[in-house]
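Shared between the two complexes below is subunit A, which pairs with subunit B and subunit C, respectively.
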Partner chain A sequence: MAEDSNVYYTEGLPVPETPAPGDKPAFWKQTDVVGKRIPRVDAYERVSGTAVYPSDIKLPNMVYGAILRCPHPHAKVKKVDASRAKTMPGVRAVITGVSPKVKGLNWKYRNYTGPLFDSHCRFEGEVVAAVAADTRYQAWDAAHAIEVAYEVLPYVADYKEALSESAPKVHDGGNLAGMDEYERGDISRGFAEADAVLEETYETPCQIHTPMELHGCVANWDGDRLTIWESSQGVYAVQSNVAEVLGIPLSKVRVIGHYMGGGFGSKLKPGKYTVLASLLAKQAARPVKMILTREETYLCVGNRPANTMRLKAGVKSDGTLTAFEFECIGPSGAYPGGGTALVDWLVRDLYKCDNVRCRSKDVYINAGTARPFRAPGHPQGSWALEQMMDALAEKIGMNPVKLRLKNIPAISQGRSEPYTTTGLKACIERGAQQFGWKNALKRAKEQNQSASHIKRGVGMGACVWYVGGGGPPSTVIIKLFRDGSVNLNMGASDIGTGTKTVMALVTAEELGVKPEVIQIEHADTGTTQYATPSGGSKTVPTESPTVRNAAIDVKRQILEMAAEDLDVRTAELDYEGTEIVWRKDKSKRIRVTDVGRLKKRGVVVGVGYRGPNPRTKTVNPFGAQFCEVEVNTKTGEMRVLRFLGAHDSGRVLDRLTYDNQVFGGIVMGIGFGMTEFRQLDGKQTGKLCNRNWHDYKLPTALDVPVDMESLPIEIDDPEANNTGTKGLGEPVTIPTASAIANALYMATGIRFTNAPVSPMGMCRRLAARKEG
Partner chain B sequence: MCSEHRDNEGTGKQGMTRRGFMQIMGTGAVGASLSGAAMAAGSKPEPPAKILDATDTVKINLNINGVNHAVLVEPRWTLLYVLRETIGLTGTKEGCGRGECGACTVLIDDIPRYACMTLAVEAESRRITTVEGLMMGEELGPVQTAFLEEDAFQCGYCTSGQMMAVEGLLRKTLKPSMDKIRRGVSGNLCRCGAYNHIFRAASRAAGLKTK
Partner chain C sequence: MLPQFSYVRPETLKDTVKHLSAGGAAIHAGGTDLLGCLRDGIMDVDKVVSLSALHDLRGVKETADGGLIIGALTTITEVSENPMILKKYPCLAQGASEVASPQLRNQGTLGGNLCQKPRCWYYRGEFNCLRKGGDICYALGGEHQFHAIFGHDRICIITHPSDTAPPLAALAAKVRTMGPDGKRTLPVETFHVLPRKNPQVETVLKPGEVITYIELPRPAGNMRSSYRKVRARRSWDFALAGAAIALEMDGDRVIDGRVVLSGAAPVPWRAQSVENAIRGKTLDDATIKRAAQAVAEGADPLPENTYKLDLFKGVIEEELNAVR
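This part shows the complex of A and B:
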């Protein structure tokens, strides 16, 4: 497993609480705006083109940065000659590893610290030099004009070879980045009890995030104050990283990230490019815009590591799972990046099984370092586990849906504590029903018995997500102005999930105001409150309770003020958005705009803190997905005909953005299962072969089904937090690929243990089968 | 960017490179469109009247959203670069800069084109429409309204490109079928995977436009 949950939130942290502990607000039974289909509060900016993304920023005097990167997977920089580059037209700043300003500056990868400019380049794409010039074209010209002498070293590109004696060493200490072991029960006893035991090896590819907006930033100094506009999932994470690297106080680094064009985990933290932009800006005495090229985003801003997984499973003929043995290897890349992080979590936690052993080995190779990617580890683990579940079901002659329902755990086995709520059973049961599983199965069987070369299959997969309950710290401020309008101030980024919108809805729900009167300030370390980055599907369950707490705090104060005007007791008053009403005699009321003290003070400020999570329970979202596919056995073409996602993420805050998220997760899962893989040229150069969207395929509009359905499984979860919410963004991409693989098996009778399944791969397997 | 590319930069020996760029002066429609037409007519291309260095600048007129912009550009600058960095119309986005994603889609004479694959000099005297040109003053146009109402985006970065693709489709086909819609936006990647809502928005936009 080996995943540091600090990436997402801090456990056991003493935090201030509003309202006071024990004084929990009532759980919303019915809601007025929350849960409805409401277009985003920032939709106008996004569709009009007026939203300013970091890559859109243009400041007076601004110049453009470019980075020269090592073209070899493994090399030592012997000499860098930038003399020609420095004299080229438009060039304002040049930085190399020997520049005095970079002496002593370090860069951290998890528990590894190395120099910012490391002359030992351990992956293709390592930073060698950086320039800033008047136009982007001039910056590229200058970067290309820098002469570098490399000593090219032997490399290791194949992670399966990384631990062999003969493999070149990425680090002096060898290529083992970490190991993890887990055991419960006794697997040998478990296998002995089984009526059927199956074993299979599965492989998943390295997937690259490639969010639509390129990674990058604009950096500007005003004396010793640095302002950075970064395409980021968390402005405070950028602030702390940059301040630490440059050795300047947090207060002197302001990071702004109002809009951003997608991250999926690759923008949880800044990159070296952020620091380089800042250094170039200092040297050039001008703002620097540093936006990476698409190719760079393939090389050096993270990936979902490839994994090879061996899974052995035992089952009784009645469907009881008796044992799982799981082994996994995967590459962190050149530096610690979590090569096997959380890959085994589904095996540990999803289905009831008393005897489990998991072992994983994380290795170094000469390639870009992994970063968290939408549900780290989970889609990989799902690819193995969910295919195994289907295989077991077939072996004992049981319906795969039934086998899963037979093994619903009562508690979180991975943590040995109960879930606040688990919708696993409901997701599978109601999902199957809504999907029309039985009929679809029948249809597929009939089709496959016919002579047609078009075959059909249906498949499913279920999931739990490791975290997704959010947690402290978070602080939110809500201001109520004297005209009754509201300002919501929070540090969290809206990474496209609709954060701003749902927070406005929570505020509107609690205060009874219309969402239109709410203005949101967010994602700015200079003016908004501390928040952890938007990742781990934790933004909604972290921020929405905090927002509600801040609204409650506003309400408490305005009621106290109104009580003076109305001369009644505060506790007898209700806040109804535009008016405050006396519960005992509804005719006794006052408009918010008439409240005396508010009129004089101009504003009421409410502060909300995120309280702690339940101490003895875990908060996790669940889901199940179902799909139907068609395979042309002559051409190998596959069509995903339809998909249904049934997800338990607690309360739905906005049905429109909720569905969008479900569909988006499925699309990304289709990519994982069918089109995406990083190809390193292992044998000849060790370089990345597919470093653009032409050679590395994302699903397009033609690769996804028009028929997609989202079925929210809403289970009241007042224990989780005061809005009853759990995360959604990650679970929605976990079981997609494995559901497709299971459907492909039904259509063809072939187990695709290696992802992705391409038409070519399909043809090869079909042909191989024909030949016997 | 990696230094391995630099060998054929600037030399011009291996045919057309960015630095040794050939530019024909004095005509309106130039570049790919002219050579296309010339080829169709079966004639040999005329030798260039003048060869410019990459860093020489030329003055061109761009007609963008009905407004004429006289701009000084290097011949190698793309229309996308000029729109975003020179003129300041940043609604058009850059996802790849090499014709793979469609984030930069604009209409040139009503046809969706990748602005990153169009040199600014090629776009002279053409009618260019960007997402800003879909607005009616402060008000959203029908395609934009439909995208808003159907929540046809997440991060919003591919969105202007998607909307321009849909706008281009609807200018040609009033009531497109679902198949036409999917093909119409198939040159526009959405990493957030909002395709389903985009399909719905395109149908809704068709309705709004014909209302």
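This part shows the complex of A and C:
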């Protein structure tokens, strides 16, 4: 477990509240714009290419940065000679580990702090030197003209070997990065009570983020003020990191991140490249653009760690789960990165079980450090748990849907507190119904009894997501101008999920204005308010209540102003978007644009703060996914025919962006389950084999079904927050791969305990079965 | 990142050959493979010679004897959509349509497809392997689940990446070239080079030589042909295993024909054991089963790619069933 929840938000933080804690705004019973299918507010910009991403920034006098990286998985830098590089054409600045400017600068990985330039390189891709030059090519050539003498050290690439005596040590203290234990009830009693006990070992691969936009930034100094345009999930996170590393005040670091092309967790924080760009910019006295190459991003900007999980489970013949014993090992990489973070959460929390024990070991290996990746830990844990649930169901002769429904917990067992709402049962029940589970099952069985070598299977998996309730802090400002137009100012990024769009809808709903009159300023530490990075599926449940609060604050002020004009009491006025109306006599009304004080002052400024989460309950999203697959048992080819995602994430703010998340999560889950894996050359060099979009295989449009359905399970959750929203972006990718594995089992009778299930793997298992 | 190079766009074949005859020059047809090779640093090139002004080398024409002649610069998309190819040589159209992705097919050419460099991840990565002039084949002792099971002699275990070469070889096509020593005509079947001959080249082209046209002989009146490809993902990916089959039939009986495999060997791999198993036979279940078994003859699979044996059996079985 051991996930650093600070990445996402701060628990138990006292915060100012608007409106006052007693004045909780009423829950929206009916909505006018929220929940409709509304295209994105920035769709035109994104599609036409006018949206400016950090990769597009071009400043006057801008030069380009390039990084020289250690080509070995484990080595010590003995000598760096940059004399030739410095004289090469176009070169403006060169930084190496011995440059005076980098002395004392440190870099943090969770609880580990080391030098920014560490002469002990613990993974292929560690930074050794950086160059700025007039063109990208000059910078690249000069960086690679730097001569480095390495002492190449033995490496450990296989995390399963990392703790063996003979394994080379990544750190002096050994290769154990951390351990975690959890226990409730008494598992030996639980197993004794079981009618059936099963045990299985499961493995999941290392998955790499590979967002469409490469990692990188543009850094520019104006005197002692640094401005950074970064492809980032959170501008304030970049600001605090960079300010801390460089030892400069937060106020001197402005980070802008209006558009960005995907991060999936790998851009929650800046990289060393951000700091290097800033240092080079200072030295070159010019703006520096530092966009990594695709190959570099495969090495050093994070990954979902591989995991090996052993799960033992006990069940009674009536379907009651009696015990889970779970063990897990996984690699952080070269530095602490959460190698086993949250992998056991589903075992702890998803299904009712009184006796649970989980143990995990996080280890170091000589490879890139893990970073949070869309629902950290969960798809891995799901791969084990959901396959085990199906195996148990088969063992006791129960329908797998029924077994799950039999074990719906009343409370969050992992936390011993109730959920505000749980849609687990509804997701499974209504999802199964909408999917046509029974018929699909029948159809598959019929086909599999025929002579055809094309076999068919259906499968499912369910999920809860560890967080997803959002929380403070967040501050949002809404300005109402005297012409009735509105400016929404928030620090949050729109990481491609549609944040801007849904926040505009919340503003429009509360103020009764049209979404088109709302202009959004966001993701700029110089001009917008503090927000935590977009991760943990927290942006909607954190920011949308804050936006609503700011809108309410605007309303309160404009009503007070109108009360003066109309000469009535404020409490008797209703705000109807463009007009303010006296409840007692509806003919007494005033247009917002005619309100005297607004006309004179020019603007009303409303401030919203994110209030606290419920004190004694947890806010979590749930889901269930169903799929149908086909397997060619002669060639091992598989086809995912259709998918349905039934997700309880509270209120749907925009059905289009909602469905985007469901479909996108399923696509990513198909990659995790069927095509993606990091391949190290473990036996010979420890170097990475697949570092481009061809060798590292993301699913293409032809690998995902056309027939994908999103079924929102909307359950009123007024306790969660004032918009009744929960996170969606991560749960949607949790049960996808495990649902596929279960469907493949039905099609072939083979349990695929190792992900991904590729045609290669399918062929191997089919052949082994023929022989065996 | 790309290295430094100059770029020329000659307007005649003669000038093209002249430019190429100087060392360090490389042909740029569609550039889809060449630019990747340059970025990956697998060849030393300081001059890129574009063929794009040689308009005569583009297009498909019927020959007097009922065959076809395809210009080397004809795009893969054009090959996959050409009505004459679709009608007379369906396996070639199918092979072309299985290449890469729509964007790459629109840009890539048939000549370039035959001359593309292999896709071994060591070769394209930062490994100085045998094919790049180094001492060892990293794939042999390393990660080779995508690599060859035939014809590698444990020297270099690449698979030939082309999806058009196997159908062309199956159809007994020929390559016409022009070089410093004049013109040549070479069968596609012997156009590619096995590692045992030279692990550092892929084709028999001599320095300065350009493919100008690809000739297809007139198909036998009752020829059935087909191409099938299995890959790790359904688009933008090379063959794990594939087969081009071109059979001259008499009713259900195979008079003669060729079976050429992709994803199998360092060159398009003629599966003569399969051909022998079907020649003169009626394509019934028993023959097909026997032929599928025969595909494994002579294979030298490695620990991580043994699965290809069964995969090829499956492909051959499905394909023979499809053409019968």
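We adopt the following convention: the second predicted complex is superposed on the first by the 772 of 772 C-alpha atoms of A that agree within 3 Å, B and C clash if a C-alpha of one lies under 4 Å from a C-alpha of the other, contacts with A are read in each partner's own complex, and residues count from 1 in each chain.
Note that in this section a contact is a pair of C-beta atoms (placed from the backbone, for glycine too) under 8 Å apart; a residue touches a chain by one contact, two chains touch by 3 or more.
What you see is a predicted model, and the numbers here were worked out from it, not measured in a lab.
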Subunit B and subunit C placed together on subunit A: clash or fit? clash
Practice item. Would you sort A:R136 into first (subunit B), second (subunit C), both or neither based on which partner it touches? Key: both
Touching A:G496 in the superposition: subunit B (first), subunit C (second), both, neither?
first
Task: Pick one for A:Q684: touches subunit B only (first), subunit C only (second), both, or neither.
output: second
| message | Output check: A:T635 vs subunit B and subunit C. Expected answer is one of first, second, both, neither. What do you get? | response | second
Next on the checklist: According to the stated criteria, A:R764 is in contact with first (subunit B), second (subunit C), both, or neither; which is it?
Outcome noted: second
For A:T675, is the partner it touches subunit B (first), subunit C (second), both, or none of the two (neither)?
second
Across subunit A, the partner (subunit B or subunit C) reaching more residues is B
Key: Partner chain in contact with A:G471 - subunit B first, subunit C second, else both or neither   = neither
Given the options 37-45, 145-153 or 163-171, the segment of subunit B that clashes with subunit C spans residues 37-45
Both partners, subunit B and subunit C, contact subunit A at residues 71, 136-137, 140-141, 293, 692, 694, 699-702
The subunit C residues in contact with subunit A across the complex are 1-2, 4, 101, 119, 121-122, 124-127, 138, 141-143, 145, 230-237, 240-241, 306-311, 313-315, 317-318
The residues of subunit B that touch subunit A in their complex are 1-6, 9, 18-19, 54-55, 74, 76-77, 81, 84-85, 88-98, 100-101, 103, 130-132, 135, 140, 144-145, 147-149, 151, 153-160, 163, 178, 182-183, 185-186, 188-199
Contacts from subunit A onto subunit C in the complex sit at residues 71, 136-137, 140-141, 293, 632, 634-637, 675, 679, 681, 683-685, 687-692, 694-695, 697, 699-703, 758-760, 763-764, 766-767, 770
As the complex stands, subunit A meets subunit B at residues 39-40, 43-44, 46-53, 55-56, 58, 66-71, 89, 124-125, 128, 135-138, 140-141, 143-146, 148, 209-214, 259-262, 264, 291, 293-296, 495-498, 656-657, 659-661, 663-668, 692-694, 698-702, 704, 706, 708
